[in-house]
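Shared between the two complexes below is chain A, which pairs with chain B and chain C, respectively.
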Partner chain A sequence: MSAVLAEAPAWAPVSEGVWRAAWRRLRGDRVGMVCLAVVAAFFAMILLSALGALASGWQREVGVPNAPPTFVGPRAAEATGAIDSPKGPNADLSDVDPLAPRYKEWDERAAQFRTVEFAKLQTLPLGADRLGRDVLAKAIKGTEISVFVGVMAALVATLIGTLFGAFAGFFGGRAGDLLEWLYNVFTSIPGILLIFAFAAVFGRGIGTVVLILGFTGWTGIYRLVRAEFMKHAVRDYVRAAQAIGASAASRMFRHILPNVSHVLLVQLSILTVGFIKAEVILSYLGLGVPVDQMSWGTMLAEAQSELLLGHWWQLAAATLFMASFVTAFSLLTDALRDALDPKLRGLE
Partner chain B sequence: MAAYLIRRLWQMVPTLFGVVLLVFVLFRYFGGDPAEILGGLNATPEQIDAIRRQLGLNEPWWVQLGIFIQQIVSFDWGKSWATNESVAQLFATRLPATLTVMLPILVLETLLAIPFAMYVAHRRGSLTDRVIMVVTTVALSISFLVYIIVGQYVFGFQLGWFPVQGWSDSLWTNLTVYAPLPVLLALLVGLAPQTRLYRSFFLDEIGQDYVRTARAKGLGEQAVMLRHVLRNAMIPILTNIGLLLPGIFVGSFLIEVFFSIPGLGREALLAVNRSDYPVIQALTIYVAVLTMVINLLTDLLYKWVDPRVVLK
Partner chain C sequence: MRSTPSSADLNEQRTAAPKLFAPPRGAGPQGLGGYMSELLLSIQDLHVAFRMGKVNGVAQRAEAVGRGADGVSFDIPENCTLALVGESGSGKSVTAMSIVNLLPDNAERAGHILYRGQDLLQVDPARMRSLRGREIACVFQDPMSSLNPVLPIGRQLCEPLRTHLNMNPREALERAEALLAEVGMPEPKRRMDAYPHELSGGQQQRVMIAMALACEPKLLIADEPTTALDVTIQRQILELLATLKARHRMSLLFISHDLGVVGEIADQVVVMRQGRVREQGPVAQIFAAPRDAYTRALLACRPALTGPPPARLMVIDEHIAAQGSPAAAERTAKDADAPVILEVHALAKSFWLRQGLFGKREFKAVQGVSFRLRRGHTLGVVGESGSGKTTMGLTLLRLHEPTHGEVLLDGRNLTSLGAHERQTMRRRIQIVFQNPYASLNPRFTIGQTLVEPMAIHGIGADLAEREQRARELLRKVGLEPGAFARYPHEFSGGQRQRVAIARCLTLQPEVLVLDEAVSALDVSVQAQVLNLLRDLQDELGLAYVFISHDLGVVRFISDEVLVMKDGRVVEQASAEQILAAPTQDYTRKLLAAVPRGWQASVTS
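Let's turn to the complex of A and B:
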């Protein structure tokens, strides 16, 4: 008898978890799956680049300055100096030249310091910049920094927004009013001015950009999480948890949070796209990533003057990498939202 | 109505105080020492001390906050640290240029996005709809920077249709010669997201019962869309325009930087790069006030657009 009870009855419907159901819906979405593959490939590339396996030599000047991409072909040789260098043996002056005895010694000394000359490449897969650095390697390195900044800033904003939203929604009252006031303050200043003000006092650097974007971008997610927590705080399962003595922290983060985590995931990816675009603009303006590091924004800043000379490949490479990542990521976000929150399907 | 207005204005006080406090704390505790910025690299300790006394930096924090609030209320921010121009003068001379570019952008964008969105929403699910959605998704993923760089190069430099950059003292010359290219580029970029957003507003309305009723009683599609759907969709559209309005004062700083337009946005960026605190602080606080006032005006507009709305 007990053995029969221990086993689940065969006819009982097995309820699917929210994540499993979402995965099933996502798998049915062809566009979503293609985008997932593209984004996964990008992240694999970023991981390899961060570990140094890829594009680690992006600062080496491997090509001739502004070498064109391989598919364009090498630049036509330009006519150089008009005077031919003299041919034939030099006249032997060693008997009158007072320095002649020491030439051999100097040559040997100089040889010790001679740098290795290697042939600079005439073309590179995606061309070279003004210093002869490989644009492909720069674009890979730029992807690493830009995506890193976007994801980290989105994590910071989500963390702040979730904590504040959870407190405001769960406790309400004075704490809620205080946070609501903070929200009003932050939203009454236009975003770009807020970013400028933070940038004016915090200075430059990758960490700074992450913090600036995170500190200024938490308001949207705060509002959503607050609404979700208000809704869930009075539900039966939370009251049941309270009845068996679960603490407020446990109810907030062990019971409610997993139930709203799908909202967080979607918001996180929406924020990431926004922050990547913001980082590109900030870096272009010189408020973001320092010059010794590469991001899509610093590439675009260099590309602007190169374009005037007809060297379009750096601009094209940065745009291509950014457009393909951001398009795939946004479409994946849409697919995720559809999969996690089927009620919203087709709204936008 | 009067009671509503008074209450709303009263509610702005704590928010405004918060903005002032945020700016004060940010620059007082996280920013560099103003005396050192003002004194420059060669300042002696005595000079720095003199500047500190002059700015009241040796006073306790509540006295400094008092000075700060006094500056805000009296509209007297003194002079820009970088150019010694008075801050009020700076704003008065930079604002017209910003508005000359931003107002045409906002007006044209709204006037174009509404019919586009209505058309796309009306043909929901058709090939046109899907093509437009895909194109806007891809177009949106390219940075605004790229559009400006390429647009300036192609239209200004290669084709020579517009001057690459510049500005004059005459409003007419500015509007007809220097503003068209920046406006055009901003429209190219802004129209896609705007159309997408308005499309979703129109779709919400098209799904409503009153649309089915209107169609059932035999109204033409044109009457349904223009007389019924458009009017109802105006409420979220107005909200969105209200959200966009404060932005026109800072302008699209990117456009101003690229086209050397002497506007507020470029000034804000210059101020950040020069650590010119008075300019950034004043700009942040006044634009925040403007934002709150515009939000209030938007709410009043609802009442005008939709008589069912009760202001309470």
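Let's turn to the complex of A and C:
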């Protein structure tokens, strides 16, 4: 035996774990690393925006209504004074105006306050909406809400799906049947109908959108986790854990769960992308975030009427932000899956 | 065994052959016995390597066959059975599969494979396809996964007949039926419509052989065709292959890890290790006068069915180091009056199978098993697959709930304990599983694996003390303390099995159930683990329930043997008695089916 061991290379004190090996493989993936950088930049932006360092004044009307983007240039000044003003002397209305005696008093009081007329900007980096709000600031704020909703809803859905899947797969029998019925009920109702039903019951708000998407989106992950747990529950290492006296909870969550965690991670990122899109649709339909908050979906909803007037920049900004984030996130998910399950690529 | 003259071995003579575009050597292999007939296949200086992706921009390659300049060379004459023997990782399957180019896409082949003068490494894919199945056919290890589960076997048999021989459907069906009859399938006409799952493992392998024979190939490559089968079925398949080979005058390339099997079927033997040919020659020479130390070690480290049982098994490294005779320690006599630690009465386990809409049917996996096991003794349990031996082992630990019966551990009935008492009793009876690759949690380091059971049962005061104990146990099972922080995937099968044994020992058990604990290991590693088990038994006074299908191994380690069939015990006696004078027909059949190597085929 000693001779066999002597052939092995000198052993480092602690060896590479599964996650560190995955990170090493991910680092070798160029597309994955670029996407990781893009996603990290988005999350940094979201963090700054949430802390108020970025786009905190998105509700201020800084530009003229529907100011075009800077690279398009200011709109040609519209012709003013369509109606000719009368030429004659000013009519004296003081004897008919009951308020005339107080005008002087009011003028004096008004003189005590200072009014500043903000110079409305003619152009903004990505233009302005119909109230003159900066579209770039709106898009940044919208990113914060949309991504927050997407990630939180995916976490809720993964949590529900994993718990149900783990119980159904590990115990089977009656508990499994019960959860299967629940699953069948949820999947037999059209998704959008279910979302409307939940939205009608819970009312509007970010928390509601997260719950709605979480409660309706757990079914796919439930089936996957259930299948994985069924497969792993009869594996020898779980049997061995049972033989040393490990409890059912320990076997489920300490032994099996880390071994299926790559499935969860990949599903989590797929769900995040899906839920970001779902939130956009909900907000577009008016069932999403409240009016005093901004998301990509509400931007798109506003863009609908603006587009008729030829003001395309709000639509373009929301689409650009959403497309770049979702694409980078999806490709990162792909790279993660490859890194976590190298057998798929057939290289190792 | 004769000592070897230090002359160059046969392998070196082979590699000295001309390498570049060598014409096929028409004359048969000189000095390899009396098979001077026409050469069918000649492998010359073969190298196979796998591309393993890039690390830091440098392409990685893993050599599977051939090491450095040293390639693999051997010849297969016509009408000859050549056996390729080696342990896992020796490159035997890769060598065989490179003949028909059934390797993964990342394989790179170099050298020459001359089939009737044509170099198979150079032919175009279309020609290769027409050779496969038509002239060179394959039979694989696992018949269940080689057959398509959604097609009846008749349809699958007709496929090669129609593509290669251009038969019309009716001719193909007739021929398929004839083939099934030829491979000894009972009621061939009825079986034509059967799906693979309706057949037993042996019958499935017969179908695979029939399929391979369909076009009357000149060369049949059989890659471990009997490894997944029971000994009795293995014997039938071996006999079938020998008969068919003689009848069709074809050559057989037989790949196996088991020298016993090879000795019975082969004319020529090629022994491979770590991608190199260690020795080749006629079967008589390999068995009677092996010249290579590795071949001798392989022959020696397998527990035998005859002769006095040794105290320890030879280990390959010891043998290659050639330190003279095996450790001549006398087998210590066991105390026949040791206290009974485990007593089992009428143990039974049934599974309920659903039948129809509401009905269910009882399947009795284990019924009426009773035995007594003394401290420091070993009870061997043998039987074919499906005989209920594993279910019995799992039921002992209540990993399956027993349907009837009692399991008395030190006088207390395990089957009626409450949850708390059961937890404390779990410490005293532990199990080692068959597959060392599946029985360790891949996400736990060896340290975590060993500390967990101690933490569950409160053994050791704190983490530091538990880790200390874990390190001691690692040393005890023959692993370096450095293994503590490593993950299971960094260990070989034998090392993992040592970890699994160490995990059981953390709880200081009194009874260890070893469920085919050495079956998945190579012969040499098997010997090491068996020696370890024996040492631990002597040192700690453990009692073993040793479940195995391998009678040689059971004979080596057991004091008493249970023979199981269909969930029942058919015979129970001391190990010596069962082997020397079995009283039951079933036991005799099992014993007769064990391959005994070349000697047996000569003497019988």
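To be clear about the criterion, the second predicted complex is superposed on the first by the 295 of 348 C-alpha atoms of A that agree within 3 Å, B and C clash if a C-alpha of one lies under 4 Å from a C-alpha of the other, contacts with A are read in each partner's own complex, and residues count from 1 in each chain.
Definition applied: a contact is a pair of C-beta atoms (placed from the backbone, for glycine too) under 8 Å apart; a residue touches a chain by one contact, two chains touch by 3 or more.
Keep in mind the model is a prediction, meaning the values are calculated, not measured.
By the touch criterion defined above, A:Ala40 lies against neither chain B nor chain C after alignment on the C-alpha atoms of chain A.
Residue contacts after overlaying the shared chain place A:Val326 against chain B, while chain C stays out of touching range. Of the two partner chains placed by the overlay, neither chain B nor chain C lies in contact with A:Ala249. In the superposition on chain A, no contact is made by A:Ala175 with either chain B or chain C. In the superposition on chain A, A:Asn259 contacts chain C only, with no contact to chain B.
Using the contact criterion defined above for the overlaid structures, shared-chain residue A:Asp236 touches chain C, although it does not reach chain B. Of the two partner chains placed by the overlay, neither chain B nor chain C lies in contact with A:Ala53. In the superposed pair of complexes, A:Phe202 makes contact with chain B only, with no contact to chain C.
Looking at the superposed arrangement, the partner reaching more residues of chain A, out of chain B and chain C, is B. Residues 347-348 of chain A lie at the contact with chain B in one complex and at the contact with chain C in the other.
Within the complex formed with chain A, the residues of chain B that make contact are 14-16, 18-19, 21-23, 26-27, 30-32, 137-138, 140-146, 149-150, 153, 157, 196, 200, 203, 246-247, 250, 253-254, 257, 268-269, 271-273, 275, 277, 280-281, 283-284, 287-288, 291-292. Listing the residues of chain C that touch chain A in their complex gives 52-54, 104-106, 315, 317, 321, 394, 397, 399, 423, 426-427, 430-431, 433-435, 438-443, 445, 452-453, 456-457, 478-480, 482-483, 485-487, 490, 492, 494, 500, 503, 506-507, 528. Residue ranges of chain A in contact with chain C, taken from their complex: 1-5, 11, 13-18, 28, 235-237, 239-246, 250, 255, 258-259, 346-348.
For chain A in complex with chain B, the touching residues are 181-182, 184-186, 188-190, 192-194, 196-202, 273, 277, 280-281, 284-287, 296-297, 300, 303-304, 307-308, 315, 318-319, 322-323, 325-327, 330-331, 347-348.
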